[in-house]
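Below, chain A partners chain B and then partners chain C, in two separate complexes.
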Partner chain A sequence: MSLNRIINSKSFDIGKSLLAFNLRYNGKFVPHPPQYRCFRTQARSLAYAKDLFLGQINKAEVFPYPEIGNEELEELNQFVAPVEKFFNENVDSKKIDEDAKIPAETLDGLKELGLFGMQVPEEYGGLGLSNTMYARLGEITALDGSIAVTLAAHQAIGLKGILIAGTEAQKEKYLPKLASGEHVAAFCLTEPGSGSDAASVTTRATLSEDGTHYLLNGSKMWISNGGFADIMTVFAKTEVVDQEGVKKDKMTAFLVERAFGGITSGLPEDKMGIRGSNTCEVVYDNVPVPLENVIGEVGGGFKVAMNILNSGRFSMGSSGAGMMKKLIEMTAEYATTRKQFNKKLSEFGMIQEKFALMATNAFVMESMAYLTAGMMDRPGVPDCSLEAAIVKVFSSEGSWICVSEALQVLGGLGFTKNYAYERYLRDCRILLIFEGTNEILRMYIALTGMQYAGKILTGKIKEMKRGNLGMAVGMMGQKLRSSFGGTKDYGLTGKDGLVHPSLADSALKLEQNVYLFGSAVESVLYRYGKSIVDEQLVLKRVADVIINLFAMTAVLSRASRSISIGLRNHDHEVLLANTFCAEAFFKNNYMMTQLQKHAPENNDASIKKIAEQILEKRAYVCAHPLDRTF
Partner chain B sequence: MKCARCLLRLQGLGSVVPSARPANRYAYLLQSTTSPVLTKPLVAFNSHGEALRHFHGSSAWAKSSPPSSDLKEKEKEIDKSLLSRDELFERVARNAKTKAAFDKAIEAFTKRERRRRGHVEFIYAALQKMVEFGVERDLAVYNRLLDVFPKEVFVPRNFIQRMFNHYPRQQECAVQLLEQMENHGIMPNVDTKVLLVQIFGEKSHPMRKYQRLMYWFPRFKHVNPFPVPRLLPSDPVDLARLGLMRIANDLDTKVTVYQMPYTDITETGEEITLPHIVGTQSPDQVELLAKHDPSRPVFVEGPFPLWLRNVCVHYYVLRADPLPPGEKVEEPYDPERSLYYPLQLSLELERDMGDLGDDFDVEDLDEGPVFAMCMTGQGDQATLNQWISGLQEANAVLGRVPTLFRLDAGPRELQSPAGESHRPHPPPEAEPWVPGDEGGAGPARQEVDVTLEEEPQHSRGVKQ
Partner chain C sequence: MSGRVLVGVKRVIDYAVKIRVKPDHSGVVTEGVKHSMNPFCEIAVEEAVKMKEKKLIKEVVAVSCGPQQVQETIRTALAMGADRGIHVEVSAKEYESLGPLQVSKILAALAKKEEAQLIILGKQAIDGDCNQTGQMTAALLDWPQGTFASEVTLEGGHVKVVREIDGGLETIKINTPAVLTADLRLNTPRYATLPNIMKAKKKKIANVKPADLGVELASKLQVLRVDAPPQREAGVKVESVADLVAKLKEAGTI
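Here is the complex of A and B:
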């Protein structure tokens, strides 16, 4: 069956790794995508989030909600149980935080559970988990931030290079030891002068005189696991001769063993959160790297880096949700026992609101994370980087707000070190920063969509600018229709609708939003053209709307499935989904109004001016309110 | 309305008063004997001319005021009376012209004149002398001067007095005092107000003046976003630093003193004076210069004047011509630059006309980059060369770029009109030569390289 699917798929040539990766299921698991999806391999060229920019809902991508087979689920649950047990009994997060170190026995335990090779194919000694299963385990590992980050640095980015672009020899040589945890991996890209700007990477690899190896020189900063990693994916500039014979500096990815010599690690950084994870500077001084340790092509390091970064993000949604679920339990316990004025805390409206917020956020994160993971697990080479970025932004911000609200429920107690809340809060803060800051990811989300929509809409917009009367009249009609609340029927509701009738209202809201978003994107493109890259505040709104739209889709799809198959407490899911959609609908409408020209809701000009004046002075400009002039 | 008119007249009046002042001095020189005190305040009042007549006087004044027939004779008489006041100050000033001496003069007057006869003349005289004694910016002194007025005498008591100008001469004198405060930027305080109320009552011209001062002064206090310190540093190096930072307006700019002023006498007895060289350069400018095409020359230009209060200093810039439009090379877009998001979209859509915004700016001209600035005590090529070689430490490219000196024979010509033909645009005459200037740009004015003057307009030389 599985083999069939692969042969059917267009992706026959995507490389042995994937073949091996999928073949593995034959032995252990039933192929995870259920039957109905087997015939849809051709549809891979389309993606859900990108189509939203065109005002289209690509229903087939997100309905029904992806699920895994029964045996796979059973297998997964067998996995989850011991990991959960381990985390509850053997991990002392408080101590890890205080000592800023994960004890060796804890790490050994993790290795024994196979958590260092979750996505490494079984033939190389890993667990060979699919993205969905990886996300599920991420829920549990997230219970301790330091461990989650150490694991993520090891396998989500550290050894991902080998999985994505490594040769068979490299895989055979390195993966088994990495999967068992005997070797730990690290991802070394950031430099003191280079965050997201690849052009300012100064680490160099020069070919030795005899041409047998490269000599690596430079230093890398903020390397997770940098203190003890044995295998590092290092990015360095190499001289490459391009087609025209011009010598150029291009980035290349190298697989560097600590055993090569010449590598020194700095002192671990003293961080605010995830203190148990090791972050430090790594210096390379004439490190000899053999030619066969180049990952991918020489000069092709940029693509490798981008692919690694793009593929590592989706799991943050489930991690956040895992953490939130735990926090809700802890906080609810407190709120229902503590009494004030002879009333339980849980009876106060403002406390209840916080729990509703936490539950909604956890629900949305979860829905988005598993929808994306499911999309990624489909055959073909699914490009879900946009969805993954959306999940990362939403879940990191949601987690931050929710942890803060949970802490607020406890008041002063939450602020003390007697409770775990402050640690969660500190740990949580990094989510908004690493794997691409949320600002940068918003740019990525909006610009990727804009590029996609722009390619398709260019002709239409040019026609309009040229003054095509028919086009203009058509546009006017469309605008008029949408201003009266008219919308396109996307087929989510009604007879043969994909969304359950109890969610029909929310589905209509989504349809209306998507329709409006399509025209908003069009008008933004009309107005700014390719100079949109400089309009960050516009892009931020576009990104926020698309995040909400994807979130609405995810909850609708998930809740519909839950009702349809009669999952436990599905009425609660419907409630959460409807609440979230209603709220997101208004937020979206507001943001799309702000996107209009001359909208009074839009304060961008003033915001920019304020910032400019402050930054010119590099200080707060106002006089003190107590100052006098006479 | 009335008040406004009166104030206007007051200003007109101000122009009359100074004309009498030189006369005072001459009179003082001529008369060796001390003339008796006070005498004719009435005359003094009248002599201020017709302007005052528009000040509605109280009936009492109108009656006692004789018709002004012979103005010259009157003036002489005022001189006499004023002279005595002047002399009061001259006398105390014999030791030192200080605040204490000034206070002493006021004290002497108040002691001598129990009834405060001639206080108006005294105050006018005192106002004149304030700059001389260096107390023109001292609020306490102004308040003390106001205190010389007798209290409660001039406060109107009935509606008629209030309606007309009660004791116009006294009121006008107080207004003059307040105006002098205004001119020196001194803001009155509560004491001033209390004094004015005591002297002239709540509704009087001085009170109005006070209120206007209090209305505008606070509003204008911070009107200049780039205030110049009131006391400029006397050290030319510090002054240069201040001036350069004022122009640079970049918080990252670094000031480098390439040479401290230095005077030495050689063995042959020749005196050698090394001028100061102070320069600025910001990191952005260093970057710009590093990118500069070595085949294009850079220019040292100057001197350009910069006024700091009443001091004029001169600065030189190191600049290049803007690239001709054809040769501008835009950095090629590198798609492998940003790891996270595309820096450019490959779309063929331009920005819509309606959204071009108000980017147009008359100041946004391509003038060519300025790489560095300096101020020096001596604007000759040798000195400036030293600056350039100092700059080379941080900007290695300067060693390869031809450096042209385009120096105007600048500041010297402010003094000697003979050299005016060298300048395409002679400096406007309004630019005053301020005596206090010497500290800042004095040397530059006097010691401009002689050879420069001989060359027409610009002296050119290529630095190796």
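Here is the complex of A and C:
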């Protein structure tokens, strides 16, 4: 255990100095004297969330909370001012929602401000912002849902493929006009028959007779910016011959220009929310695509798609937080002036609870988003896909619930179009659906983690079988300890603890949860083996627990930093962190209890039976309560 | 003529923020409150940058007096198109008592040092509402002044200024070098776009101390107390004109 500490504290120091760098997006970093070089030959595979599945806390990855340099922070604050001003003065969200269109002048203003090329490197005409800075600006663009989605569809996914997998030639050709907004991009993966099951696309790209270009045929659905995008990243099946000479259909990513011809866009969909964002069908009829427009490798499209989607997901945390902060202001203004029963609304317990919920959620969303962005901004190619998925699930559901509560505070007024609440509610609903539905992401989170844990555990079991006594004793000891309700000291609290003493209680709760989680994962894997893939209700609980664990980590890390450097109102942060951790602790314990074998708290079998019977008859099955049998 | 224009910019509490008076009534709460460039200063910067774009002048220099934070404001001016900045360092304590007289002494000294052809300022700052700095600066330099400008035209060695006055509009012709103060309708300031903010990072901001300019910052004014305006009282409805007259007589107004 003490050896562990030494190693951890060394990586702590290296981590700390690495974090103090000024960073830019595309892996190039601006040297900041004094410079500490890390002599590693391969990129570190960041596994914070993954190691939680083994009951391990990789403190160095998340403590201390990521910081950006002073210069970068000043620049960021400079950026924030004109963008906020623009949104306050030039964006009429109500009109955009009513007309289901973003006015051309508004789009032009956004392009001039430079918001269409935030993450495009400076040499191609963009702003070259890091993930952290992008997340910060996302807090402001989130004030109008339609604009936020239009911008995200263009750069977070539309042109991201060129950034992460494009050749130098592709970048030089396409990025400058995309960064200035002269061309708008779109991401075309989903089809009428292929949504969550992305690998099942049927759009085909066949090589032409003379082998100089591909012919693209098929149709895509729900494409944001589909009506006017000039450049599209399209995913289609291509015939690939593998090493054994077998012909297979594999997905490939293509850079398609509307100017190639043969592309028709359907009418814009009439949506519940984000009505100003253009969403439509796009049909490809023998569109000629030159060979040099393949992004990445032929047949490597699925990986490109996943990498693109994983890289943009985390910003939903900061967008959600930005929106929540605005809503708290608006709602508080009302609650502190409106009186009923001769008391201000703000004096009633149930109203106060809503504000606490909104503040806590905003706090967690912010903490998680910037922790993940900070992790992603480290040098190398860190794999934060798990953490990003966690941020997305929590933020989408948190936003939906909190907007609903904010609307409730205003009662009838909140329900009218005179106020923005109903529009925010309608705009929020899509967050749980796009960018990977929350159901899919929960499966992804749980299965990725369990796969990782399974591999390590099978490795340990193999060692044991080979006669590694030390391993066997270690594992038995662990099992005994956990069955007696013991816990492990992860080094978060105490003399050398990484967490500030005022958060010690919450840190202990986190440690307890993580330890229990490790053994819960182990027993679930043991019980189900490979068939765990089909046990969605079990996986859902696993995912929910780890989401809470990451959230607890993020708030503890952030609050510790705030106290240590003496940020304004850090006592309030401690309060928020402790309150959230206390609630999450009990929820986690309950869910982990439900995961135990034959747990009476687990209703899964009954739930499945009910669903079976209803879906068999495709209707509600019960006889009417007023029916008689005689 | 040097073709150099000096523009003064002030960092003030943002116009949209609700102002709160400090509990000890010594001033208003500024900590943690959003600050931005004084709106009239933005108009002044915009006018100077426009003149440069029309090639009527050669260089726009943005000046601000105050503690470290005012550099943000100078950077915004640079992002709008100013060529370089001058930060006159004033400690936070001295800044509390810094008023139009001190600032105009500083600006006058700088104008002589930089051989400025024009000084453009906002007509007033939205925190002090003094409306004195432009006029005092002109007087100290013995330069002509075109205040409350809603239209400015540079012609050779003169400036034609259309001023907004109580009775309407007044057009005057003054010689350069001169001091102009910008009024609301002079122009619509541009947004500092993010690419321009990044370009502005490369522009220089020089640091100067008031002592270097030979200016004494001591003020003869002392703020005794700051109070919030009284809450608006409810009105009274009257039934007839006779009632109204009676009530007015009661209040002693007629």
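Following the convention adopted for this analysis, the second predicted complex is superposed on the first by the 557 of 630 C-alpha atoms of A that agree within 3 Å, B and C clash if a C-alpha of one lies under 4 Å from a C-alpha of the other, contacts with A are read in each partner's own complex, and residues count from 1 in each chain.
We take it that contacts are C-beta pairs under 8 Å (C-beta built on N, C-alpha and C of every residue); 3 or more make two chains touch, one makes a residue touch a chain.
The model shown is predicted, which means the values in this text are computed figures rather than measured ones.
In the overlay built on the shared chain, the residue A:Lys465 is in contact with chain B alone; chain C does not reach it. When both complexes are overlaid on chain A, the residue A:Gln243 reaches neither chain B nor chain C.
In the superposition on chain A, A:Ser606 contacts neither chain B nor chain C.
In the superposition on chain A, A:Arg618 contacts chain B only, with no contact to chain C. After overlaying the two complexes on the shared chain, residue contacts for A:Tyr444 are found with chain B alone; chain C is out of touch. Of the two partner chains, neither chain B nor chain C is touched by A:Asn342. In the superposition on chain A, A:Leu127 makes contact with chain C only, not with chain B. Using the contact criterion defined above for the overlaid structures, shared-chain residue A:Phe302 touches chain B, although it does not reach chain C. Considering which of chain B and chain C touches more of chain A, the answer is B. According to the touch criterion, chain A has no shared surface contacted by chain B in one complex and chain C in the other.
Residue ranges on chain A touching chain B, taken from their complex, read 189, 196-199, 250-251, 302, 305-306, 309, 436, 440-441, 443-444, 447-448, 450-451, 454-455, 458, 461-462, 465, 525-533, 597, 618, 623, 629-630. Residues 187, 214, 217-219, 221-222, 251, 334, 336-352, 354-355 of chain B are the ones that touch chain A when the two sit in their complex. Residues 16, 32, 36, 72, 75-76, 79, 191-195, 197-198, 201 of chain C are the ones touching chain A in the complex.
The part of chain A that touches chain C in the complex is made up of residues 74-75, 77-79, 81-83, 85-86, 88, 109, 112-115, 118, 122, 127, 568.
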